[in-house]
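Structures given as structure tokens follow.
Across the two complexes that follow, chain A remains constant while its partner is chain B and subsequently chain C.
Moving on, here comes the complex of A and B:
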């Protein structure tokens, strides 16, 4: 089977999205003209869209079933999500709802939609950033690698101490580097791709180097290399953390949204007439 | 350096399990064990000491490379199982109760080995799942709690109500308003009880307050189906200048709102819960037209021309503007010396207090200068109730049927009074006289003035007529209410309610004085004859000679000796007696018309004659010359007023005069050059051709029901372009709701059930297009 390039698929989905948006607008207009209950139609469409969008999460759980590739699902998820924003606007009449449940429902939807769009941006930008800097490390392995770097750095310090019997490197490590190697640092700087913290440490190490002998300079160089590696790892950790954390908003609120939507449908029909 | 970061050897590469719900508690430290936690979140590296010989050995998988120093105790318990270690204090020092731990408790008495116990953590996706379940549970629980709480109406309300409904609770409008959650589920899935579904109970809640929308408030426009069909046909017969493609497309795809249903829910147009200031009655032009067969863009473009607006119906007061303006007002001074020519429209018309309707001023301010003398015209015969016929009494006496005292008739003509025919009231009264009634047919063709060739049977008939005439006169003259009541019960009492009969009796008794005088002059021996039962037979025929009229001006009740009649003549405009006679006769006529055809035909015929006589344009007072009579179904109603109280009706089209008049008066040219009242001419232009009164003005059967009659107005048709000069996209409002109302409340002329004052009522029957 020929693999259709992503750009081609995106173009196709974009065209489909525009067509669907125009179609939805036209249908809403025509329904409105004939005094149909446009909110009912747009509401069911929106509910169906939310249900389909929510099923993407379930799709990942049942990957053994031949239901299409995950990337296809993701693209459909993205474009249906964008479509749902237009349908949502139509449903609420492009105004701020003012009932308690309605406000809650709208707020949940908007947060889900906003987090989804942010997630879309993150998932498009962050992987490129990750591939541009350092070695890509699987998120679950980061703590282990972090530990390994720390151990390696401390071994270098101990080796230097043993060989030179000088405490210059150990003391520098203890004062400036120990906390750096113990945990992840400079989260927000990595988010904006700033290396200020790392360079500050390197600068201090270079300043300290003029007082060191050859062996200590060698150790300091090794530590500088470890700092760079650790900084790359922190960069990866920060970005991968965000890549995972946004789903902590998007997914739980999606299910809350579905629950509230079901309740909303129940109320609407109870107060306006039968489903049939 | 990469060697320091990740190991990818086949036997030393770390094996991560991100898809597992639990990960090793030491993973964050980078020292996760190879086994990992169990599926239930227990540490997989729990030591289960095994026994070899008489000794237990440690088998903690996580410590395989470096076995536990302490090892299991003598009973086979792992020294790292903190649950079993409960340090005890002896002599101020904490000590291990298991006795084999070389480290011993911490200073605070905690087991030192407990710190090393691995506490598995949830993986990222498992944490997300927990958060999802928690959030969802909180939402469900929160919603249930809010519904169970006192503010549940605020919770389920989709938004603020309009200010008019703001004080209403949910149950005021919704059947589910008072229900529980289970009731809501039931209603949502099944629509609630079947009885409520079939009866549009939700709409009934609306109609409980909005009950003034007519008999069929849920029908389109509140009209009956048949009426709607006729209106639709009328509309489609017109040619529409344009059509809306958008509306046509919407109708084609989604159908019309009322398609397939007879009743329309209130919510079809009125959307609530949109906030305090929401316009509940707002609707777009396209939505208005979505039900209609013909569609168009605006008043300016495509609106059907007014075919008869605003002159759909005949004016209630007969007034021919064409003849008056083109003929009478130019020459009236010749025949109406006291007449006053109106200076402008506003001489006779004025706005009502609301500035909406243009009223006609009263008779005294408009017509009286020319027409008041015509009302009291002595040449017009009054309302005759008794007339004494001229009879050949000599011939009757020859047949041994003496008339007794019978007045000499001043007029040398046959029959009764000036018209020669028996008055309609008298005819109705005599119908109850059995003696006369049995012989009435034989009177056909008999010349009462010359009875020389009559047969004996005819002679008896003439005699019975004479006796019956005297009897009726005597009953009125003596105010014999009982006999008159009995007489009328036998006639109009067969078709009309007793109250109408009573009303008629009262009207007859008003003539008592005149009848009494007539009896004294014309039949001086009548009381004696009737009391004794004998006819006073005089030796010679000595008729009472009477001369001129007793009354000088014949106004009011009078005894007229010139034609031997007792009659009533109007004393001026708005004569209450004439008004009562007209209304009573119309009540009787309406009651008779309600009977099936062929039933009580003799009475109906007599009533028909009475109605025709009373409503003649040349009857006394000439009331019906100006006050038109409308026919509605079988019933007629006389229009005493030029306009009607339309506070209870809502026509399709509404118009308010005052802003339009003000706007026209302030128009650039009119502000300087127009005279008062000329602004009316901007829209209302009297036809130029001079002509006679048009026949539809005098059509007795004219009915203001659509399609049942044609009326040609005095005024030229009003073109839509006249309105569109201002009501267009650039100057003023031109949406449908500017001029039209959806909910039409109409008036129906009610049947005269009791004493038939015709009371206007709200009913979707007629006058749909009638305008203020």
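Moving on, here comes the complex of A and C:
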């Protein structure tokens, strides 16, 4: 079995993209010189590109058919997506279009294209982040793990209260840690890989340590460990959530774009008599 | 309530092959014509009775019962007490078709058939047609129940007419080569008439061979004639000897030594071994060759896996691993050939669990490889392939090799590896698998991770598939070309034997449902327990284009890989 290295594959697709871009530019130039209607050609090319791009999601649903690997489809999807930006620019003349439908269509296209590029970046960057921090955990199991950590932390607090009959730890837990363990926290901080929230809590716990006896210090150390574990879980939750959610923007908007594009084509042809 | 903290140590009798074996049956077996060839003194000894009691069981067969099936793995031999057993003697290419032997028919779905899955897949997972239980569509039928279930041929006369065969009579025995070597059965045997067999598991066979020189010589001779010659002929090192009318191969087969390392039974507990290995280094692995010893032989692995290691400060570093057909020591013998400065073994070799190896002495290597006029080894560097492999090993992170060998993942021929640095956790692979298999995925995207590489919980289609041992109906089988290990749903009786034997937890028992989503229950038992079936990855044998999981991964994060293909592994690992 021979594998094609990613770098080689990327190079091949990049060369193909450049060739296609040059070809598209040349055709556009040729049509302009010969005073042809370039918008009609670029419009149909763009429509075809959007249809091919949208078909990737259908291919994912019929994975058992021998239609080539999903990774090849994704590569083609990415590079045709990039090509479509140039075609789109040519089609709209690199300016904001007129008319509500055209503006809506252009906006939908731009959001789909932008979400696609962000999604590509997320898909390349987030997996590595996830494998670098904490334990691997299924997204569906995260609520259960969260609950388990919370229960373990509260057990530690109650055990300390029973043994020491001091409220130092329970009060601290109630004021500073309860909400942290109850739900996911610091979403945006995790997005930029900041551990500020977690370190802030740890710092508070260390400061509070000067008011504690040995048993309470032991409990506080355990809680600090739970804070670290919970923070890792939050990190996984926020990243896995984004990895799933971006598709909920990209895919439905793609379908909306296809519907609007069909409507756009119908209108263009319905009123093209006046142009002719 | 007793307060005595002492317990009775278990004896061989407590873990007997057949718990119902008593003195009366043993008396009958000792007197049976099946053992007439044994030394009379040994036959009357208490040792032989003990062996039979611990390691033998009586198998009564009906006409048509398939006793062993070509391609299956077994750990026992059979002695014929009464009745006749037919052995199919045609080569596999023209022999009995797989469906006749109860194997799943391998017919990849056409494009339209595959497309209809989109609409025809049942909405409940693990749907089975209730009516399929009324009668099997398979050419073979089942009789008996539970672990005593057997599959049988309906049309024995037709099979005997159509396929070349030979008949074994009472007093003869069969199945010993596969049992002792833990290799697959090379022929199918079925009962021509009702009769009785004594099935002796490999431990018992080993005991008998130790005590009876006659039977040991007979088995050794059979092994060299039937199995060892073919093995050596298939080896790339000796393939040039095929042209010589078999004389050289016979001389070679007579001159080599067969060695068995490690514990035959231990391979079933790879996971336990892996844990012990992590704790004690290589303590549980049998040292076959020590680095620095004089190199006077080459070792060819016939069955099992071996670790190649090198002294590194106060420990040992794993360099590579070897599987069936691979050699160890040739480069040293080549270096020593015609040299006054002897080169000792450059690495140590250890058996990972049970291992069977063919040891070729240096003088035979010289005669048949280094000095032989037809040997291609004259023209190219003898260790070219090995050098390429070693280079690939060097390209892979050292810790990853230790991880693979330590956890015995090198056993896989289609191990599922996931690069967690690329995997977006989208579960497209899981969905694709479910869509191809009754809406229930046949693997878990979960498993041990080393440095960002996950070995997922999916059937690896092991080189040494211990799950196949003891399946009472032969429902789990391997393709004859050593391909994928597959379960025939029609002949699976849900006994979970395969699931218990799998060291990697890759076989799951599932409760099956009817078209309304209700569990199908067994009406023959009072509890009406749900009927279960064994399920596992089948590498999408009936889907065009190969494993759906691998094809469905958008980010090239997953690969199904033969762990022997180290060059691809290195390429994938480093890309």
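We take it that the second predicted complex is superposed on the first by the 271 of 276 C-alpha atoms of A that agree within 3 Å, B and C clash if a C-alpha of one lies under 4 Å from a C-alpha of the other, contacts with A are read in each partner's own complex, and residues count from 1 in each chain.
Please note the rule applied: a contact is a pair of C-beta atoms (placed from the backbone, for glycine too) under 8 Å apart; a residue touches a chain by one contact, two chains touch by 3 or more.
From a predicted model like this one, the values you see are computed outputs, not experimental measurements.
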*Is this a clash or a fit when chain B and chain C both end up on chain A?*
fit
_Looking at A:243, would you say it contacts chain B, chain C, both, or neither? Reply first, second, both or neither._
second
*For A:138, select first, second, both or neither according to whether it touches chain B, chain C, the two together, or no partner.*
both
*So, A:73: does it touch chain B (first), chain C (second), both, or neither?*
second
*If you stack the two complexes on chain A, which partner ends up touching A:64: first (chain B), second (chain C), both, or neither?*
second
*asked:* Between chain B and chain C, which one contacts more residues of chain A in the superposed model?
replied: B
_Contacts of A:23 with chain B and chain C, given as first, second, both or neither_ = neither
*With chain A at the apex, figure out the C-alpha centre angle toward chain B and chain C and round it to a multiple of 10 degrees.*
120
*Which superposed partner A:48 touches (first chain B, second chain C, both, neither)*: neither
*Please indicate which partner A:127 is in contact with in the superposed arrangement: first for chain B, second for chain C, both, or neither.*
second
*asked:* I want to verify one number: the closest Cα approach of chain B to chain C after the superposition, in Å.
replied: 7
*Which chain A residues come up in both lists, the one for chain B and the one for chain C?*
138-139, 244
*chain B to chain A touching residues, read off their complex*: 1-2, 4-6, 14, 16-18, 23, 27-32, 124, 127-128, 131-132, 134-136, 138-140, 143, 146, 151, 154-160, 170, 174, 176-177, 179, 183-185, 187-192, 197, 202, 246-247, 249-251, 253-257, 267-269, 273-275, 284, 286-287, 290
*Mind pulling up the chain C residues that touch chain A in the complex?*
111, 114-115, 117-118, 420-426, 428, 431-432, 435-436, 445-446, 449, 452, 454, 540, 543-545, 548, 550-557, 561, 565, 568, 571-572, 575
*asked:* Under the definition above, what is the set of chain A residues touching chain C in their complex?
replied: 1-3, 5-6, 60-66, 68-71, 73-74, 122-123, 126-128, 130-131, 136, 138-139, 240, 243-244
_Show me the residue ranges of chain A that touch chain B in the complex, using the header's touch definition._
29-37, 93, 97-102, 135, 137-141, 143-150, 152, 225-226, 229, 233, 244, 247-248, 251-253, 255-256, 259-260, 263, 265-276
